[in-house]
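What follows is one structure encoded as structure tokens, with my remarks underneath.
When the chains are written out, they are named A, B, C, D and E in that same order, and each has its own residue count from 1.
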Amino acid sequence: MSYGLALIYGVLKIINLANAGFLMLGAYVTWWLFTAYHVDPLLAPLVIIPVFFLIGVGLERTLVRRVLGSEPIISLLLLFGVWLVLQNLAYVIWTGDTRSIENSFIESTVKLGGLQLSIPRLYVFAMGVLSLIALQLFLTRTYLGRAIRATAQDRDAARLVGVDVDRVMGIAFGIGIALAGFGGSLLSLLFSFTPDFGRVLSLKSFCIVVLGGLDSIVGVAFGSVALAIAEAFGVRYMPASMQDLISFVVLVVVLVALPKGIVGTLRSLRRG
Amino acid sequence: MRHSFLALAAAAVACSVVAAATPVATHADNGPTEVVVGAVLPLTGEESTVGTYYKAAYELATKEINDHGGVELRTYGRKIPVKLIIYDDKTDAATSRNLYERLAVQDHVDAMLGGYSTDLVQAQTVVPNQHQIPYVGGGGAASAIYKRGFKTIFSLLASIENLAYTECDFIEEMQAQKKLPKPLRMAVVFENTPHGQDFAKGLAQRAKAKPQSFQIVMNEAFDLHGKDFTPLLQKVKATNANAFMADAHLDDYITMQRQYTQAGMHHAYITYGARGPDKKGRDALGKSADYIVAASWWNQAIPNAAVKAFDDKWAKAYPKLNTEWYSALPYETARTLYIALTETGSVDKAKLVETLRHIDIRDTVLPGGHIKFPADGQIEAPFVVTENLPDGKTVIVYPHAEKTGEAVLPVPGS
Amino acid sequence: MARNGAFAAIAIAALVAVPFVAPHAEYALDVLFLIFLYGAMATAWNLVGGFAGQVSFGHAAFLGIGAYATAIMTQNGISLWISVPVSALLAGAYSLVIGIPAFRLRGPYFSIATIGIGEATRLIARNWSSLTGGVSGLTLSSAPPLLLQYFAALALLVAAVGLAAWIRASRFGYALAAVRQDTDAAETLGVATTVAKTQALFLSACILGVAGSVYALHYLFVSPDSVFGFSTSIALVIMPIIGGLGTVTGPLIGAVIYTFIREQLAATLANVDLLAFGVLLIAIVVFEPRGILGIADRIRRMRKPPAVTVPDG
Amino acid sequence: MLEVNALAVAYGDVQVLWDVTLRVERGEIVTLLGANGAGKTTLLRAVSRTVPVRGGTIVLGGERIERAPSARVVELGIAHVPEGRRLWPDMSVEDNLLLGSYPRRARSDVRGSLDYVFGLFPRVAERRAQIAGTLSGGEQQMVAIARGLMSKPSLLMLDEPSLGLAPIIVAELFETIRRINDAGTTVLLVEQNVRQALEIATRGYVVETGRVVSSGTRAELLASDEIKKAYLGL
Amino acid sequence: MADPILEGRGLTKRFGGLIAVDGVDIAIERGEICGLIGPNGAGKSTLFGLISGVMRPTAGTVTFNGRSITGRSAHDICVAGVAVTHQIVRPFRDMSVVDNVMVGAFFGHRPRPRGRGGARAAAMEELEVCGLADRAESPARSLTLGGHKRLEIARALATRPEVLLLDEVLAGLNPTETDRTLDLVRTVRERGTTIVMVEHNLRAVRGVCSRIVVLVEGRKIVEGDPDTVLTDERVVSAYLGTAAHA
């Protein structure tokens, strides 16, 4: 999900347009495991996270690394190409049919006070928060996590303390892709999907990441809350058919007006 | 650079000359060797599910004709086999239009079968109009398509306004039986497409005509292929509606109904327009799809022998594809074209259009029992209203002629 | 230079002659028409994305505005002599509205912002029913004859490529090339870089505006999802990159390949087109960022003895 | 312990070092002197393997390292404290320090290393929870050196540690460097504050446009004109 | 100084909490070669940035030929007549050498050269001066570092500047290239262009500059003729440091 984007951007300084593709793929793999092998969709991430991680590392090794040194736009285009390939492979393999996962868990709800809440929604929300906490703990408490942050902030300095920067970049890309797959797997519990699934969601992720500041994980959490509020609030006053407009407009306005995101702007104000 | 420019120019000229040399099919006096019929369908992309059915149905109807030697064209005094050309437009309007153009100018089709989904049909129908080629469609319901004065376009798919009217008639009957409250306060949400707009328009007209039966308490469009309808559903929840009247594509229907259930919403009456009985939706939604009322162009449960026969035929030809309305409609579409060709007796396009304009087919599996086109070319067939019942059962509850069971209304638990 | 001109003249003459040599080849004319249209569109995108190095994923907005402007004016009986230039100017005006803020961003940020702008424009078009007919779009009643369409598209292509060729060799072209390679260095050499980028975007938008007019008159149907669609923006990015970014003929070559793959191959082979484009894009970006022209250049150099090898890096 | 022989380094086609040869013995403080752009920083970067070597050899404790990856060099006991501190500004002081003990060799005794650097720099101990980017220049320099020491190096390479610091802090800093050396760590020091550097150095090398132009003990260098020539072009 | 061609007053630049340039007054006399020296981090390049419009000063003014150019954009300032070369060379790598210089001729040059031919002629003239005429058609990326530095100068000269700011043109050059570049600097001065150069190579500065301004930690500490300045104790200790226990 958005964290993956922030991580990849932070460490490799590239914008990952392929995120949309891996998000979609995460949803499809969950569905495929469920329909073909009756794997509980809640367990699918156990497969998806390691496999996508390896795919991410492989992608970084084989393709992304070759263009890291060149202009940023080149890596953007490369990952855009990866997205096109993923999306259309999905069309070939799974066709454009709408897919969705159905089991009793997905239908279940719970009453809390007067409110009826959907259990899968709560679950997805909780997993989102948990993954954020896990990621944050990983990044702040482990050597590898610290090395990732160090590489994001100053690659050369990381090298000087003995961090294998190339390896760390591969791992960061892998984690980013694994998170996108995980996100897709979670979202497959809530939505029906087609191979085009990731596009709008991914643009929203960009919006969230831009809101929060491109390389800040905490900012991402902040950004997603901000966007959710903006959408819920906006739809009250405008037709629901304009719902997505909100995120696009927020995306452009924030990019132009606050290029460091809200958290980044606050941070530089504090330092200034 | 120089070389490439030269190569480019050469390639362009070469390709056009080659194309120019392709012989134009000419009809000898004793008629063509085959009748060329073309269609462009969304075999991939968003609408590929239905597109695949359309292809299967067109092929089935064509195969039946060809198994009997082709269409009988009396002008030439013999049966002539049909050559069916189908292209894939990938659910893209511009491509769809270009490929119909290709059917017209390169494949020199004698007639066209229609594509599927409103926006594609809207874009593609300019081609048959421009080339004055007869076009029989079964896949674009929006009335706007047929209000453009295109003279060669015919459609077996009745308009969504009709769908709304049929549902309203059914609701009135239920109100008379005290199964639904009167007036019915409707929260109308519709996809922002001509399809959805027609649905909302139909309901609005009925609410205007019969305010004592219908009231619209909310009327709002949502964007196609939305991912999160919770804000919209919260808005619906905030109204005092007792009916939830939605119109949506399959994916949005699944997502929205799931979120509806999860939000713990209940209404005495709930519909998603044509969505409801289809297997994919029921598989995806499970119990959440129970009690949804739908109005459809066709249903395999229509209790008559012809429908049963079609169902069997379809199941035999395509054991992997369920019999859906989008099996029957395109099948009848192709059959209509072949009947019209036989009646015309030649491949003369103007004459064929003339035949279609006056055609009246009585042996159809479509509800209402006959196929006839009004001046604008869009059929005015009635819809069948179904209700999903628990355990995957579906009953036809309206009209009386096709009825297979009693409606369970209001929705239990509401 | 002169030889280039001569070849161009021969090519144009040949293309003008096609309808007369082969009057029944309607389908060939149709394909050529599409190549011209796509070629002009790709050339227009290339002014900004290739010459000035500002990769935009939202260029469909300009095509859409041109198409809608022409459709609306034609429906109201306004002559094409007026509606086509007005369409171009409206698209150009829109480019100024979005270009001025967007060019405060550089590189990938600009690209991401253009995705947002393009999609926002599409959504506005979908919802502004009174003007755009909403999602149902607008239908035009009658098309100009195919021959006229053919020549109009050819003229547009010649104009676009001519403009590109002229810009490339002009003072303006130097400004754009300098902006692409090092914006800051260009600035310190007196190039008003933001102005140059904005001018390029304006010209690009105007060409796309006219292309939109041609589109509307050919398709006779414009809807938000067809003309403002993201897939159109993608096509605009793909064609020049395949052919050769920042060159004059590259976008044209890209358009030929694109049209053939998309309109010919893909009609019978499902979903291979975008997949093929994705693979092509990856291959080109990783192995030969100069596109087909770059590959051709390599082949030529391999065949000829290396005349001057330039010591590098 | 460190031997550099006929080292040549170039960035692209810009050759920065030509045929540089020098030695650092265990326990010494060796200083590299020379004007800006002479190639001192590049020499350190060549040793820490963050710039490719074109020719020559670098030998550390008997192992050839001129082709080794940077992580290996750190593992072998070289810590390079780069010019401009290069802390990770958005991380806490503690995280910066902990990453300093990234090499496996150092991880076993992180606690001990922390105690050692906190003892050397009490101020760093006070600031351990603070975000590094918000420290003052002097504090950042202390953290940078402390981070280097966290890898338990046998050779500490310092690049312009006094840059941009107030004179009082510089004096304190040099005193600390001397203490680090006393505790057994060999030091290779690049410093523009020549006089101060020579005060604590055992020996020095003068580098001019990528070549070693003279070398000697502290006394020899203080006595010669080479330094003034190298710095002021006199 | 009676009539300085370029003058900065109270120039200050802050980056966050750091003051890179702190209230510097600097006046450049018409026709001189002025050296701007100081240890690393003294703020020399920042000062150049403020003058050339690449950065906006936090405080202070820049006047050129008596008119304020404070806060104007870099391209405006270039067209007005102040050109700058970059410390790290920034050629347009995909262009030929002459095309690189033509950018300067096309845009920085007033009056505008007549068309492509005019710009090319102007560019060739500068390439001749800079000794790059024989490499005119080579791709810019194929030059050596010395060539790149001279290309930077040629490009800047093509804008016909009255003042040329050279940022470490000698850095990384070998002695032969250094001498060649210094000769070029003298030639340019003889054509009437005023030169300000940031330089670390003090021997070279001594040889070519008529006046030196010394910056330390963002402040101007001393200025004057090279011999006086370079023996000034403040300068010496800025470069060599002060002994802690001296």
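Please note the rule applied: a residue touches a chain if its C-beta (ideal position, glycine included) is under 8 Å from a C-beta of that chain, and two chains touch if they have at least 3 such contacts.
Just so it is clear, the model here is predicted, and its values are computed rather than measured.
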| item | value |
| --- | --- |
| Number of steps on the shortest touching-chain route linking chain B and chain E | 2 |
| Chain D and chain C - chains in contact with each | A, E |
| Which of B-C and D-E has more C-beta pairs touching across its chains | B-C |
| Farthest-lying chain, centroid of Cα atoms versus that of chain D | B |
| Per Cα centroids, the chain farthest from chain E | B |
| Approximate Å spacing (C-alpha centroids) for the pair chain C, chain E | 41 |
| Distance between the centres, which are taken as Cα means, of chain B and chain A, whole angstrom | 38 |
| Geometric centre distance via CA averages, chain E-chain A, whole Å | 47 |
| Residues of chain E whose C-beta touches two or more other chains | none |
| Chain C: positions in contact with at least two other chains | 123, 126-127, 270-271, 311, 313 |
| Where chain D touches two or more other chains at once, by residue number | 12-13 |
| Contact set on chain D toward chain E in their complex | 12-16, 35-37, 160, 162-164, 167, 170-171, 174, 191-197, 199, 209, 227-228, 231-234 |
| Of all residues in chain B, those that touch chain A in their complex | 42, 44-49, 52, 91, 189, 192, 220-223, 225-232, 234-235, 249-251, 254-255, 258-259, 261-264, 280, 283-288 |
| Footprint of chain B on chain A - complex, ascending | 91, 95-98, 100-104, 106-107, 109, 111, 116-118, 120-121, 187, 190-194, 196, 200-201, 231-232, 235-236, 239-244 |
| Residues on chain E engaged by chain C in the complex (per definition of touch) | 52-54, 73-76, 78-79, 83-84, 86, 90-95, 99, 102-104, 106-109, 112, 115-116, 119, 138-139, 141-142, 155-156, 158-159 |
| List of chain E residues in touch with chain D within their complex | 39-41, 144-145, 168, 171-172, 174-175, 200-206, 217, 230-231, 235-237, 239-246 |
